[in-house]
């Protein structure tokens, strides 16, 4: 059993520019390049879907839940669009003995100035040390998915009710 | 009290090229730029020294210990050269209720392809969730400083004794 | 009189991701950052418009022509979207004693892997040494705007007609 | 015959960090990566030597001259350390119908913030449009090798006597 499983769902973190179409789309998961760059081995990647999180519906969220529960690993990282990340994390419900961490990025991993690499690092650090449960990590903080919201104007995650 | 304290000791992570001297030296700590890029706030940086870890002696290691024990924060990140990182971490001994994480980089943070940003992210994720104690994090793994060694030929950290 | 004038028109080269709007738009011209990074001084930038080149019409092209003819510099660089770059360059007609070079990028300057920095360098090298006239430079080649086309499928410029 | 020949001599532009040796050395020429990133084809690279320019002597300079004169291309780019770049360029003497451009970098091409990519672009733009002769290009300027000096304190090239 690998040390952890990464399930990629899409979001800004994986956006790429296709000149032929003159538009940005969600491309190949960047997780492989990020982990290789840090000499991380012993993991498995499950490329589940490539969606902007604003376009995900309940069927998609259920697919994420099923993929988490079907994982052979006790530690699961989910890379996800930021707009509905908390919604999907809350949808997971009881994950038993698993530790599940959601993260994403405000700027694409392919950008020169991106939060993607730090965020993946922080999420994995959390994944290795946190007790079983579901967490959302952004901006160097660990959030309970039920007590976090994205502040779109300020471009950051913050505590919520 | 800020969420965490970063003590910078030097090492490859902060190396810069000074053309006027035709040589690489340890420059300004890169931690500020890395944390700003990820929208991390609420921390304090203690720039303690700027040394290659091969040039650190027992006096330096004791200075690191004193700085950790003097910190107003319960969570302390130490960025350190990789060659004697484990030695300094072991020198700390009992840190009481503190969680202390050491990390560094095999390639300078100023390089296009560096492990520094991921490593800082991973170390902070560990810092936020691990029980009190002293840890060394490299290559996406959490090590006990007494059971780790740097494999220079392979350029990575591995389990030891 | 500065050594050269840069007129920025928009295009992929200046695209940025606005998370609050969940979309990519043309942001601040990247030319300042690129030139500062190479220690280039003695130039003036004219931020003329911020358009995708597919959305430029004859009025826009005429505005570019007027800006070139109004420049106090004999050497003018125009950064422009790639899809209609040749069309605008051809629209310039007679530029007298001026040397005018058009360039752009297939990948945004803010990307980790971008052709923008090389292209700006190559265009300026052409600008400093080429005889008066209008040129289009992409992929390390100097083209006559009347004898070039963008091959969208291959993502490069090639000889035409 | 390819459009141009690149002769690589070494210098800061190609420096890399070897963790196993805890030192920076001149690594593989970066010219391939830089040109591939801009979609440049139709060139040939001659990896001649890997020297810091302060360590080059008259034998080395003569080797560069011979390589230039032996090139099958009329257009030759030489990437070279900055400290004695002008000295080597002056050593070339008469190059006949050839256009030869020297460039280098103040910061390694592998750095996040490097002048290498711009400088290579600018040098190639000069190479394609300048009359036969020998040139040195740095900081977005074209210099006569007999009338340029490196200002080490300011980290830039400037006119000289």
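Each chain gets a letter, A, B, C and D, in the order it is written, and its residues are counted from 1.
By definition in this document, a contact is a pair of C-beta atoms (placed from the backbone, for glycine too) under 8 Å apart; a residue touches a chain by one contact, two chains touch by 3 or more.
Since the structure is predicted, the reported quantities are computational estimates derived from the model, not experimental observations.
Participant: Where the contacts of chain B and chain D overlap, which chains show up?
Facilitator: Common contact partners of chain B and chain D, which must touch each of the two, are absent.
Participant: How many links in the shortest chain of touching chains run from chain A to chain D?
Facilitator: 2
Participant: If I average the CA coordinates per chain, which chain comes out farthest from chain A?
Facilitator: Measuring from the centre of chain A, the most distant chain centre belongs to D.
Participant: Please work out the Cα centroid separation of chain A and chain B, and write it as a whole number of Å.
Facilitator: Spacing between the chain centres: roughly 26 Å.
Participant: Roughly how many whole angstrom separate the Cα centroids of chain A and chain C?
Facilitator: Using C-alpha averages as centres, the distance is 37 Å.
Participant: Would you mind pulling out the distance in Å between where the CA atoms of chain B average out and where those of chain C do?
Facilitator: Going by mean C-alpha positions, chain B sits 44 Å from chain C.
Participant: Do you know which chain A residues sit against two or more other chains?
Facilitator: 106, 112-114, 155
Participant: Please classify the inter-chain touch graph. Allowed labels: line, ring, star, complete, other.
Facilitator: ring
Participant: Show which residues of chain D lie in contact with chain B when the two form their complex.
Facilitator: Checking each residue of chain D against chain B gives 12, 15, 17, 19-20, 22, 24, 52, 54, 82-83, 106-108, 110-114, 152-153, 155.
Participant: Okay, in this complex, where on chain D does chain C touch?
Facilitator: Against chain C, chain D makes touches at 3, 34-35, 37-41, 106, 113-115, 117-130, 137-142, 155-156.
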